[in-house]
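The structure under discussion is supplied below as structure tokens; questions concerning it will follow.
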Amino acid sequence: MSRKYRVGILGATGMVGQRFIELLVDHPQFEVTAVAASDRSQGKTFGEACTWRLNGEMPTAVRTLPVQPPAPPLDCDLVFSSLPGEIARETEGSFAAAGYPVISNSSAFRMDEDVPLLIPEVNHEHIGLLEQQRGKYAKGGFIVTNPNCSTIMIALALAPLHAAFGIDACVATTLQALSGAGYPGVASLDIIDNVLPFIGGEEEKIEAETVKILGRFNESRIEPAPMAVSAQCHRVNVADGHMAAVRVKFARKPSLENLRDALTDFRSLPQELGLHTAPAAPIAIRDEENRPQPKLDRDAGRGMTVTVGRIKPDSVLDYRFVALSHNTIRGAAGAAILNAELLVALGRL
Amino acid sequence: MSRKYRVGILGATGMVGQRFIELLVDHPQFEVTAVAASDRSQGKTFGEACTWRLNGEMPTAVRTLPVQPPAPPLDCDLVFSSLPGEIARETEGSFAAAGYPVISNSSAFRMDEDVPLLIPEVNHEHIGLLEQQRGKYAKGGFIVTNPNCSTIMIALALAPLHAAFGIDACVATTLQALSGAGYPGVASLDIIDNVLPFIGGEEEKIEAETVKILGRFNESRIEPAPMAVSAQCHRVNVADGHMAAVRVKFARKPSLENLRDALTDFRSLPQELGLHTAPAAPIAIRDEENRPQPKLDRDAGRGMTVTVGRIKPDSVLDYRFVALSHNTIRGAAGAAILNAELLVALGRL
Amino acid sequence: MSRKYRVGILGATGMVGQRFIELLVDHPQFEVTAVAASDRSQGKTFGEACTWRLNGEMPTAVRTLPVQPPAPPLDCDLVFSSLPGEIARETEGSFAAAGYPVISNSSAFRMDEDVPLLIPEVNHEHIGLLEQQRGKYAKGGFIVTNPNCSTIMIALALAPLHAAFGIDACVATTLQALSGAGYPGVASLDIIDNVLPFIGGEEEKIEAETVKILGRFNESRIEPAPMAVSAQCHRVNVADGHMAAVRVKFARKPSLENLRDALTDFRSLPQELGLHTAPAAPIAIRDEENRPQPKLDRDAGRGMTVTVGRIKPDSVLDYRFVALSHNTIRGAAGAAILNAELLVALGRL
Amino acid sequence: MSRKYRVGILGATGMVGQRFIELLVDHPQFEVTAVAASDRSQGKTFGEACTWRLNGEMPTAVRTLPVQPPAPPLDCDLVFSSLPGEIARETEGSFAAAGYPVISNSSAFRMDEDVPLLIPEVNHEHIGLLEQQRGKYAKGGFIVTNPNCSTIMIALALAPLHAAFGIDACVATTLQALSGAGYPGVASLDIIDNVLPFIGGEEEKIEAETVKILGRFNESRIEPAPMAVSAQCHRVNVADGHMAAVRVKFARKPSLENLRDALTDFRSLPQELGLHTAPAAPIAIRDEENRPQPKLDRDAGRGMTVTVGRIKPDSVLDYRFVALSHNTIRGAAGAAILNAELLVALGRL
């Protein structure tokens, strides 16, 4: 490739925005040329406007970029968006209308009929939905989304099982990290010595998105996967790393060994294509009785691997296990970047 | 009542032992006259041997009691036991054999065929099992146990639902507090910024104990409740207060309103008898979308009420909700004391 | 007393406002008749507007009170104020001008020459400053303040030592609780697995307020105590309970025993008058090597006692110790209420 | 260098032992050839015996090493030791007597007159003390120690200031991380929502070690630095990263600018020699008002840089600042490895 794609970050000062910037340092295909935010940071440089909240220092290259309003035009070839829900729909739509590919982590368009809700290892063929957007946005703009941070982890773990054995029902109970709420997000007084059994909209998102992701693309639209999904969501006192206790009922119940093999052997198009952000294995199994743990496993595969442990027969459904992944990498910024890498590889960018 | 029962505490220096002592201060029916512990504290006074880990000061009355070995004879009419599993079976058995009523929080005898696994609001008729112990222990000794700290909360919430509508299946996912592991218990380095998806033996206990508790006493033994129970257990960074995300499938699916009413209206023998430690309502419903929370709800009913919230239809089973209770009060010391109060009221002590 | 004083709470929905309400339930001299807040909660009842963040339930009596704007007139005899700094000066001034006694926890007026910065056990004679306010506010209004939450603890521990031995210098390093920042206050992502070595304005407040509090009232103004005070402040991951590591250099260095006696024997006017909120002993000494601790000692004296431990000779100054008290009770709402009780007892209300 | 030194790790399964192993992966001069531990892990391979508690996976190379008793002979050229205090003195002495260079992180020998208490940037000339050990240990064995984890940070920050301006007194108040207590170390129930104002022996170590480290080597022994040091130590709920609030009184009080320059410009022999583990700058200054923070700054210089912030004039001593460093890297394993690298560079190994 002769030159890098120039990318703009919408919502650049937020937690996911900062992850975008961190993950794009030295990326072989993308370079950040524009940063936009809807808050009062406009008019300042990014170095002035943004308090860097990730480990290490703010990357040098973005410090002098001016923070711009999140509206076209921006000096870039495509945008990554992690805007708050309330403004995402209008803003992302206006970028698509102005001809920009929009690779969005926001929830605004995820459930739209003509928008791919993409996990490259799981449903890369859903990219075909982009044909449905052609008439909508002039100038070649389009919108691709990635799922909710918990949904990605759950759907990724379910994908090889659904492909091999058919899933009838999935019961997922999450223990989610603080960074999923953004910054400032959860007040410390609410979470010290505590658990919050509620995350606004989360249970509904997991239940709806999972069946779209695992659905079949029939060349014009997505037929939702014929499975029931139940989600109960909790916020726990962990900085990064979402966990889900998952039970699964199968159409064709596999042996424990076959189930393990399906998870362990899972590879898909991103691995075949050698996409930069794709982990060697999308799913890693830990056999210790007390794994996965957020602190020990969230950075597996540089944050892109879903770690699965405690695989057991279940007395109500068929099997159960515990899944864990990094919610702002595999669950947000890394997910969107992998989506963009797939679009490049498939000639869609 | 002319005089108080004199009680000995086995495992008095542990977390649950200290709760026993705290809850028995000024108790109208019991007074602590002996303390025993298996550790190196024997030969000292309780004030010297025990580092008090509950809020406030160690009660004055126990400070000068000598710490004795956990073996009969002890200067008391009955014993409360919270000994570690490995020594509980032999020790509790020897006390029963020596003629002491043993009111145990340990797991050793819970699943024995002739031992009541008692929650006074749920299965007080299981006390009838004590007839089966008559031949076993000379001199009037016997053993009554209370369930595991998570099981109590789950079984108590299920009891009125099972009575009214019949439960076919229950899926419970727990988020459990640190005090459940005793002291020193969980290392701080293991739980800061972390969740542990494993508690030794806990899932098995919840699955086995629940069907015994909700089983029917046919005048000679317990017929386990014909329901499937699935448990996944996690340790979270909370001091006190176990939480369980629960889904239930019914034989006769109720309306949401009838389900709520069954929980809200639940009263049982302890309430009718006005037992000292019995809460006015065994179950309290919170309607806020983000309740129950350990920090806000664990002390409901002085730690004896199970708080239930987030009652919703479930897309895989029939309904779901979140339950919470204080694991060392309703889930341990308070449970045993309520058992003893019931035995007194029924003339068994 | 034939009837209770009717009090209004300014900033009633905040953390300290809620403590005021909690501490005034069943108070023998005060009843809450008005609540005011500067936020968007006006027009609602207090029950609707306020999310109760303390343990237990919102007191029934205040639920139906309308939340009013923080401006006179309010239906009350006096106001307790815990308004944010930016609006406190104008608002409290307008209440005083309208004839209300203002018992303020805000920082706005603390360092004003004619305003008592009052800790009843320490400098009750500073109430004489109110004569200086007579010309200022018509209709009998006046302003009395209590110190910053850390200052109160430090000044209270220093007071008997300064009286007995003269303090030349004090070096205080604080470890402060999250509730001191109000709600939502500190973001959870900022404090999990972390310490913040900065609290805006805190070091300056401790250094300036301490010498005013310990100063001498010469019948017209306060002569600051002739001592140097150094403060370094840190926020730690604790819900309630400020701690300070304190070193002291004396004009007349006492023996360790005399120093201990001065702290232990300290009693003052509130104890003599038997004020409702006054603890039996303002200062309690713990001799265990690992006390005081926030979790174990913050509720001493129902949150009004300062616990002191680890008293040792110091190799740079003369002595050192660690002090701890409840920052929203002795350090805020309880402090203001004790101030009001003293004013009642002295016939100033 | 033609071949690597073969090193044995004493206390290999502990927190510091694991850091040794992590930091020695791919080290250009050392390779781990033996692991020893005093616990029940002997007879197993390291992979079987040790639960890896650092991020990532246990390094492959050590997995198959047998865990041996901590007694000579071991298959290595020198030993790194982080044994518990009680057994360190005898064990380390026996290794030295057997001819091994002992690079120790334990406290046992630190204050011995003939043992260097070494921070390579601060007192590399103290290595001359090794001449005093010649008669003591046959076969060329000797003992070099590094200071306590808090002392290193404090002494390193003081060193350039003492050299330039002379320090008369230092008052240090620490907020220390959990990993400093090893594993299992601090019980989670003791630190959740809490601070512990006591760490056994810590205050004494800081006060005694600092004056030895900053003392002058007169070719036969160390003359302690003529300064008073006061330490108060606290354990806070942080995994890694010790913090110290420091005040300093100078013999020749510098301007704030000169003080900053002395810290910023500090370089020493390890930087000149380009030692592998030496950071580019031993001390980094952060100018933000809320830095240093454990979470953000502990990994500065790969854990070997001390970060200093909040430099201000002090009203009791002359200046104050806050220092932070990684307690198991710069404060323990990294410190010992840097000591060993210096010994290699100076031809002492």
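Per-chain residue numbering starts at 1, and chain names A, B, C and D are given in the order in which the chains are listed.
The rule is simple: a contact is a pair of C-beta atoms (placed from the backbone, for glycine too) under 8 Å apart; a residue touches a chain by one contact, two chains touch by 3 or more.
Computed from a prediction, not measured in an experiment: that's the story for all the values here.
By count of C-beta pairs in contact, A-B exceeds the other of the chain pairs A-D and A-B.
Seen from the Cα centre of chain C, the chain whose own Cα centre is farthest off is A. Note on chain placement: the centre of chain A and the centre of chain B lie 42 Å apart, centres being C-alpha means. Centre-to-centre, using mean CA coordinates, chain A is 48 Å away from chain C. Counting only residues that touch two or more partner chains, chain B has 192-193, 237-239, 295-296.
Here chain C touches chain D in the complex through residues 169-171, 173, 175, 192-198, 207, 228-230, 232, 234, 236-239, 243, 245, 247, 249, 289-296, 309-310, 314-317, 320, 322, going by the rule given at the top. On chain D, the positions that touch chain A within their shared complex are 55-56, 192-193, 295-296, 299. Interface of chain C with chain A (complex): residues 15, 53, 178-179, 183-193, 237-239.
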